[in-house]
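Quick heads-up: structures coming right below.
Look for chain A in each of the two complexes below; its partner is chain B in the first and chain C in the second.
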Partner chain A sequence: MARAPRSRLQARQRAGFWFVLPALVVYLVFFGLPFAATIWLSFTEWSGVGVPHFTGPANYIRLSQDQAMWAALGNNMIWVVIGTVTPIFIGIILAVMLWSNARGSMVYRTIYFLPVVLSPVVIGIIWSWIYNPLFGLLNTGLRTIGLGSWAVGWLGESETALYAVLVTAIWSYLGFCIVVLFAGLQKVDPELVAAARVDGANSQQRFRHVIVPQIRPVLTMVIVYTVIGGFNVFDVVWVMTQGGPNNATEVIATYTYEVAFRANNYGYGATLSMVMSVVALLAAWATMRMRRAEGGR
Partner chain B sequence: MVRLTMLAAAGLFTVCATGALAQATTLRVLDTFTETSDGMDALVAAFEEANPDIDVQRDVQAVDDMRPTIQTALNSGTGPDVFYYDTGPGFGGVLAKAGLVRPLDDFYASGALDHIYPWTHERVTFDGKLYGIGHAVEFLSVYYNADLFKEHGLSAPTTYQEFLGLCESLKNEGMIPIAFGNAQGWPAFHTFSLYANNMIPQDRLKAMIAGEESWDTPEIVGAIQAGFVDLDKNGCFNPSVNAASYDDAIALFTSGMAAMVMTGSWIIPTLQEAPFNVDFFFLPAPEGGTTTPPAGLSSGYFVSAATQHPEEAERFLKFLFDPANANYWVEGMSVIPPYIVDPATVTASPLMGRTMQALSSDTMGLNIDVLTPEAFNTVMQDGFQAVLAGDRTPAEEATALQAAMGQ
Partner chain C sequence: MAVRPLSSRAAVWGRHAVLVFFAVLSFYPILVMWFTALRPMNESMRDPFGLPSSLYLENLTTAWTRGRFGNYFLNSVIITAPSVIGVVVLSALAGYGIARFRFRGRMLIFYLILLGLTVPFQSVMIPLYYQLLAMGLLSTYLAVILPSIAFGLPFGVFLMQSFFEDLPQELHEAGRADGCGELRIFWSIMLPLAKPALSTLIVFQFMRTWNEFLMPLLYLQREELRPIPLGLMFFQGAYTRDIGLIAAGVTLATIPVIVVYLIFQRQFVRGLTAGAVK
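And now, the complex of A and B:
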């Protein structure tokens, strides 16, 4: 009698396995195998034609001396810090404001979310026009209000290019943060907020000690997602500057692309992509550990 | 009975038609004529009409997309039979050395390509074998707004001092003398080629490109200084050259805001649409140099080593390079084929006509970036941007160029 439920359970498990199998096969073919091949390629020298030559750890030794790689990684760090803090900070403020004042929140959420539905390529092109030093909206506007001396080639100056691209990325990503955090806020217990108000907590205290702890899982998810995106960023940078001027906006993904597909050095390109993967995974793991240490889940 | 006979006849017709279709060979062709795709389609249609036994399946891809994908496509054995790709050791040469393209020595020996300029052969010759057919002859020059020059009493300069004086005059008139957009990095290649060819003898420049002579020389430093630092410092360019794109520069020129633009003859179709007359002059060499406009081939046709249809591929190429079909290239696509074009056989605009005339009458130099390896071009791309931004000196860039060539 006791075996019947177990066999039913096993049958259900088998059925579950068959249901999962197609997705597993797709995952293995389009992610698992290429990932394994990339690991293998990272230990070779290969121009894209002929047979790859196994070179052992030579590519990884080269990494340590590759100044361009370190510069690109530095740009990624700037991207991760500014590109994570800014949209989440602005996003959480706007999300709380929308949550507190439900009237018209749907309209605002739609407006904020609109850039998210645009392709990064389209966003990059549009913002390149805005930044255009000759015909661009930004410089034209600055000249119109008498700030012509501030009108510079935003994407052509080493000092401004990375931040100009970052502003674009933040603009396009902000809506996602707002909508996800707003969804997280729906689980916040209004009675706890009201109780805190009765207890004399000001708005800052209510936000920090009552609201944030309740949206911590969502917040962690957004941070991890943003950090990983910061290390993998490619499209908007490529469309707007291709890593220029003079590598000022080069990030690890654009550098990897150039090494692999322009210089036809697929072996070292694979090594760089491994760096990108490992750094993103470490950053995500560290973020989650940090949140857990603070008591989140 | 009649119905049965008709059915039998229809069946027989179907079988015959199917048999005829089965005999047609499909030739897969991949090229980069994205902006003049209709012109290329017309040429392919003419070929198919003249060769009903060959069905050309043509695909088109941007140059930037072609470079990273063609190796993989050929390596996989599923690539095109015929493709249009950059010539030179860094591109076609890499494929030839990897055994991915088919030698065409026998095709050349058959006499079918005797009319092709012999100088194009060396661009597609690797390890002593001819692997392709160089195509689309181009040169770099200075295009100018002829109406504006006439209006201000200016004329095309014959010396470098006159050229600098022209910049000064235009600047004083409140105009942008030269439109220059280098956001992509590669437009600076052309400026550099213009100056290097004018300041360095051709035999030495060839030796530099072959890696037999150093790039870290006073002449290279001088070319970078004159072409980028001095012109920018003297206000010859528009502001923010590293932020403006090549298209921005062309727009500055065609909108009449800038008087000149340094670029290649491939831009003629766009310049012809400007609301004023456009003409060109070759950048005069500074004192001691020889005016030598860089010229070269845009790309070339290659045949895959894995093709199952080499004979059909050669018939296709023979048709493309037949002087009787020159009009498809010149009129339909504003492309100058690599042979002497009989003016009577083509309908060319005045600017295109002068361009073809210039190609057959002047001594031409080398378009450097199509001949140098990608690693060298990357150093040119990043380095010239750095020079224009003031982050690197011409001497440092010359050293970096030599280091890249050394790799």
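And now, the complex of A and C:
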């Protein structure tokens, strides 16, 4: 007697599988399959025609000795550090300002968020023109205020190119950081801040010891975004410099693209792309640990 | 309101000065492109900061005809619409199935899909190229639509799963008591409740596909299939010296997105920050 309803219950639970199946098929065919193929290709040598030639760990050994790869990864590191610290520093200051005097806050946030909706191609083209050595806004502006000697070919010189592109990228997601941090501040208890003020904490102490601990979960998420974004960046670099001049702006994604699609070295290209996956996985893992350590969700 | 002491008023002004400075920094680079599009090129080169002196539309009309922006725009719509619909439908179904049913392999499938959140497109782009070629899809709209859906699913399933999981169990029971089939319960009871999550997902997937660059660069190698970002990049490559024309292209590419953003602002902010704020 009791068996019939239970098996009906199980049949009902199994219906869930049919809800998941369509997504699972599309996901496996257009993501799972090529990802598995990438892992396999990363152990082969292949020029795109014929059968890939299995070479075992050769590509990974080559990877460890590839100066160009390490230089590109070094640029990613610079990107991750500066591209995280700068927008979070500016973002927190602006978010707290918006939070503590609400008037016009919505208008400001609307404007700050504008670059976030633009395509990296558009952003790259706009800033390439700002940096134009002859009649770009930046150099024209510098000449107008008498700093003509500072005017250089921002994207054309190895010393400045990486930072010029990085500034562009920070411009494009600063608004994202501000808006997310602002949302995090909505959960801060103003009474705690007021209480700290009564206790004689100055604004810097109130910020460090009252506000920051309360927005830490959101802060962690923003850092994850900028870190993963910094390791994966491709579009804006490709549009502005394609990794040049003299590889000054080469990052792991542009290098992978060149090795695979310009040098037709698909096996080693796959190995390089695995570096990106491993780094992203490590970053995700580190985040989960950090969140757990915080006792957050 | 009580009169504030002078120092505090100065602080308020100082704060507004900083806020305004960053507002100008965010918007001026875009605005100056629109201005440049409305001025003859030699004028812009002499004084890039100047305002348009008259209504000069030649850059825009030339860019529209020679750059085929109408065509690019249409391509972007043809690619984005099915990819948004696909992600929303598949994610809602899958998220619901994982959240509300207890079948075997459920968590394995869920984690398998979540793995896609951390893998960049670069890690599939090479074999996917040959796969699309073998399937006869290369250089068709589907070559971007289907992978875009696959890459949108991890976030979509995650979002919908966490939404459906928070719904009370009684809703389901009530539907079953009324004799509704599972699909009917999903469609008539659950889905209408999911509107906020769905709008978040729509915006997220729309922006992602609309601005997608590397995928069409690799898989759409026929000019007439190019979406806006790709079209704009080739357009810029062809007219490197003509800043008026490039600015016109940028204007044609930015105005529609910005208009849509200003109309659906709340949904945009929610959609694009959904992963970070929760």
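Just so we're on the same page, the second predicted complex is superposed on the first by the 256 of 297 C-alpha atoms of A that agree within 3 Å, B and C clash if a C-alpha of one lies under 4 Å from a C-alpha of the other, contacts with A are read in each partner's own complex, and residues count from 1 in each chain.
As a working rule, a contact is a pair of C-beta atoms (placed from the backbone, for glycine too) under 8 Å apart; a residue touches a chain by one contact, two chains touch by 3 or more.
Quick caveat: nothing in here was measured; it's all calculated off a predicted structure.
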Partner chain in contact with A:Phe135 - chain B first, chain C second, else both or neither:
both
Examine A:Phe43 and indicate which partner it touches, taking first as chain B and second as chain C; both and neither are also allowed.
neither
Could you tell me if A:Tyr27 is touching chain B, chain C, both of them or neither one (first, second, both, neither)?
second
Examine A:Tyr268 and indicate which partner it touches, taking first as chain B and second as chain C; both and neither are also allowed.
neither
Chain B versus chain C as contact partner of A:Ser119, first or second or both or neither:
second
Which superposed partner A:Thr241 touches (first chain B, second chain C, both, neither):
first
Give one of first, second, both or neither to describe whether A:Gly156 is in contact with chain B, with chain C, with both, or with none.
first
Please indicate which partner A:Trp18 is in contact with in the superposed arrangement: first for chain B, second for chain C, both, or neither.
second
In this superposed model, does chain C or chain B come into contact with more residues of chain A?
C
The shared contact residues of chain A with chain B and chain C are 48, 132, 135, 260-261
The residues of chain B that touch chain A in their complex are 67-68, 71-72, 74-75, 94-95, 98, 100, 183-185, 238-245, 248, 251-252, 374-375, 378, 381-383, 385-386, 389, 391-392
Per the touch rule above, chain C residues touching chain A in the complex are 12, 15, 18-19, 22-23, 25-27, 29-30, 32-33, 44-45, 47-49, 86, 90-91, 93-94, 96-98, 100-103, 105-106, 109, 112-113, 116-120, 122-128, 130-131, 146-147, 149-151, 153-154, 157, 182, 186, 207, 210-211, 213-214, 218, 228-230, 232-233, 236, 243, 246-247, 249-250, 253-254, 257-258, 261-262, 265, 268-269, 272-273, 275-278
Contact set on chain A toward chain C in their complex
12-20, 22-24, 26-27, 29-35, 37-38, 41, 48, 90, 93-94, 97-98, 101, 104, 108-122, 125-127, 129-130, 132, 135-137, 140-141, 171, 174-176, 179-180, 183-184, 218, 221-222, 225, 228, 232, 234-235, 238-239, 253, 256-257, 260-261, 266, 269-270, 273-274, 276-277, 280-281, 283-284, 297
Touching residues (chain side chain A, partner chain B) in the complex
47-50, 128, 131-135, 152-158, 241-242, 244-247, 258, 260-264
